[in-house]
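The next block holds one structure in the form of structure tokens; read it before the comments.
Each chain carries a letter (A, B, C, D, E, F, G and H) given by its place in the written order, and its residues are counted from 1.
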């Protein structure tokens, strides 16, 4: 797990998604999982998405995360180009608050799954990637348990009134 | 306009969309506009969609129609591969009645438009293709006016009670 | 394509829609497509809409764009008065965030299509008009390809981290 | 109130709306209020709607009811052509269960009101027309009270178990 | 029509609805229709609503307007206590943007109609009351036509660009 | 707890709600809690609701359940007439599947709570009434625990494959 | 009713829910009902929720209130661990305005009821707890009636215009 | 990969979910991935869920799938008890068509991710489990590619007209 090469590739459809999507990178960093971020639009740069996704395995990427808003096709397109697990982050849209992003991401046709997390749920996308990788890299499982314990301790420590 | 070669290409994501999508072919046939239908899934056969759309202009196609349900990416993917106008037909889905199909089709990002019609609105997609072609082929404009007149006459002829 | 006379007529139901709808004019301007903007309400000035739409062809207009919010009938009313293709822009409403605008625009009855784009999607409406006109005016197709390339280059140029 | 000439004009966008809309005629009949039904589509026969609505006052019509489904513009269009009160009945649509019909009917712009009742609420549209007419025709008020009493008696008479 | 006594009673469920609901009074004032406003909650002061509504006819009230948000029962409760026409104004709620207000107002059971206008549509409620009263008071019809003409003139006067 | 007199009053807005609402009576019967059912419409028989609810305490009723569909005001109206806890059951409506029933029941204004259960959740309404009564009648708590154990045992007993 | 020990336990899934949830404590305080607040997350500290809920009866707690947002499982989890009545407060979420919180709270499976109040309806949750306790503690019923009278008086005192 | 012991545990909240959820088992079987199915309700048998999930790793389970409808807490509860990746299948509900199931599953709080697939998307849940396991078991990757090729071939083989 002292990989230098990224294990997780985080793709977003627009630079404006960065504010949300860096939440995935931050939690992965804190768990010691190397990752990379990339802007590539399923609609405006389909070749870039194709190239990024199809070369990901040879670069050592094992889990992909895609974040997009509106007609949020990016993770679905990514999932259609690989057998790697693809996690989708519906980014909150201006008009419909992310309901469009969520539905266009999660309601994938049979055969091509996208592991969708909640609207703007980039941090959970990173944690899901970590859970997936922990099957293969046992030391990660320990870090996830520690993370959960700290999270629980923080809640237990809250004193009201 | 006595084209033998199709001017309109109708693509659907699954054979189960045929029942809805043939409405587009039928209205185009009745207006004397040659057309072709194709099953090609944006997710399960991205290369087939790519090949179909990118070769469409050289085969004489001038307008594309894409129909799909659920996370209905097909017309958006088509629009990202061509400068031809792409009309989208959201096909009614089982669970959410086509709201998912509609939102994932119409809420396209800036730069890549899809001309979306109503849920299961394949007939209107055909009529929209005809309106678009009528700019270039004036005889079509006359047929569209006749069509509208027949439609209006049918309504005027209804006698209640 | 060095038309002086507008090819595209952009109609909006209220002056308050101007902020959104000028996005259509701007992209058309940048593509060198002459266009005009007009405020005309389907409900408050039905005669004005009637006059504008029915005289549009003789003034050289080949594509119409209608933008409105709430019970957004404007593009549907326009489409009922012409055989020109009508593009609809659902303008985001105050209460329901444009869901009302979208549904009352896209769910047109069989026979009268409106080419609906996303909520506040005026720029995409302009691009869709350009794609439609490019069927007849081949030099437009080249400009659209260039536009797409610039758009893609801009995304490719983004460096994160 | 022994008018032979209709006081209420019931317009529907399609013959398929008759099954729902006759509920308005039936309650009006039972209250002794002459009425007429007409099929006229706001989109497919705008001139027919225009003619019907603008000549309604000279034919003695005092209240208008419009029923339609989907992008249900009919009552809004009617209201834009008259100062008579217009009652709207959103007819349940196939895909979105009438949510589209309701929103495109009720969310009218400032200046042009539509008195909207519930989805498929034709009977309530008839009762609302009667309440409106009862302001002018006092004998109607008595019939409405009797109707309410019968309705209440029927509920009071129910014995469970 | 030089009534001193109010013809229209405007009831709202909470003082916080006043900002929206005064739109009804203002348009009625401008049309010369005497009106009164009252805060009375269907849930917190049911007796006050009962008293206000059941005594309204003897005070000369001919049309009632009720505005409320959330589980917006007020106009429905009012309609259950009178045979006067009751107009409902769904006031935009904090959480669900008025969808709850709208549905709980418009979806009335058969027998008790509420003439619902759009979310926050108090001005349209006032205009609808005027249209209803104009059946009985012909001079109102003229004012409504003048109002519509001014409204149309204002739109026609807009010059873009 | 060997009460002969009903402790729970189940009110429904229409006889058509009986099929759903008897689920509340059945679970109460099975827990040995006397109850009674009544049809009384908030809109069509407001006096009947008033009388039923205001006399309930003197008849020994300690918990009220109200079930209704559409603009489902019944439990809210009941809650406005008593200090007894009122449980609301949103009955599934034809057009909007109970979303209207749910929102018009649960979104009560501050001051008048309705304890809302799920759409068509009459059985849970009965169980909630039992939980409430168990605070005062301790033997009920034991029956509720037994009920939960049987329910759990039934699930544990399921063998798949 | 001069209990020193809390009768009502208010649990919230996150410290960020405190701003909303203290509304429950405040109304309980004003009615003289001792209560306690606790942060415990159904997902991040399931053991803490388990411990809190299962020990509540022996600490004298008779009613539980749970508030959470998003996939708001907390009150459902609480209800699965006790036979005490559990009141749920859907806290408004960032993306979907509390529709997700509401649906994931109220749509409980048969057997495990949650008494759900409106979105951010903590005050009503407190009042509902008071109504429930008033069955057992008659002096509370008087305070609730006084509270209702003050509330009504405040509305009656409003003078408009 | 010739494991006899299940690698994937499929849990469902009710036996009525079996019809949908067996889709996950079938696709896993066809890919040669041992799996087991279990009925355990998050609300009615929380201890059973606790026991099943916390003992899953020692039984060799590496991926968990949870399917439920309505307030569909099951996969969220599972995810709170383990660091294994948990896939959620929102099962279509009767009233709200699965929108409630979807939102209460996907909108998990930060810290506890659920990999949600589409409504009734059990087959995609199985495929997602396979993609996850393929990171560790390379022979699975080949089977997934073969599966995708067969799927694509089936679509390519469709001949219309």
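FYI, a contact is a pair of C-beta atoms (placed from the backbone, for glycine too) under 8 Å apart; a residue touches a chain by one contact, two chains touch by 3 or more.
Because the structure is predicted, anything quoted here is derived from the model rather than measured.
Just to be sure I understand the contacts, which chains border both chain E and chain C?
D
Out of D-E, F-H or F-G, which pair touches the same way C-E does, with over half the contact pairs the same?
Checked against C-E: the matching pair is F-H.
How big is the gap, in whole Å, between where the Cα atoms of chain D centre and where those of chain G centre?
It comes to 44 Å between the two C-alpha centres.
Taking each chain's centre as its mean C-alpha position, how far apart are chain D and chain F in Å?
35
At least two partner chains per residue is the criterion; list those residues in chain C.
In chain C, 14, 41, 44, 70-71, 95-97, 99, 106-108, 111-112, 114, 118-119, 148, 151 touch at least two other chains.
Sort out for me which residues of chain G touch chain E in the complex.
On the chain G side, the touching residues are 92, 97-99, 118-120, 148, 151-152, 155-156, 158, 160-161.
In their shared complex, at which residues does chain C touch chain D?
Of all residues in chain C, those touching chain D are 13-14, 41-44, 46, 70-73, 76-77, 79-81, 93, 95-96, 99-100, 103-109, 111-112, 114.
Where on chain C is chain B touching in the complex?
Its residues touching chain B are 62-63, 83-87, 102, 106-108, 110-119, 121, 123-125, 127-128, 131-136, 141, 144-145, 148, 151.
Can you list the chain B residues touching chain H in their complex?
For chain B paired with chain H, touching residues are 14-15, 18, 37-41, 44-45, 47-48, 70-71, 94-97.
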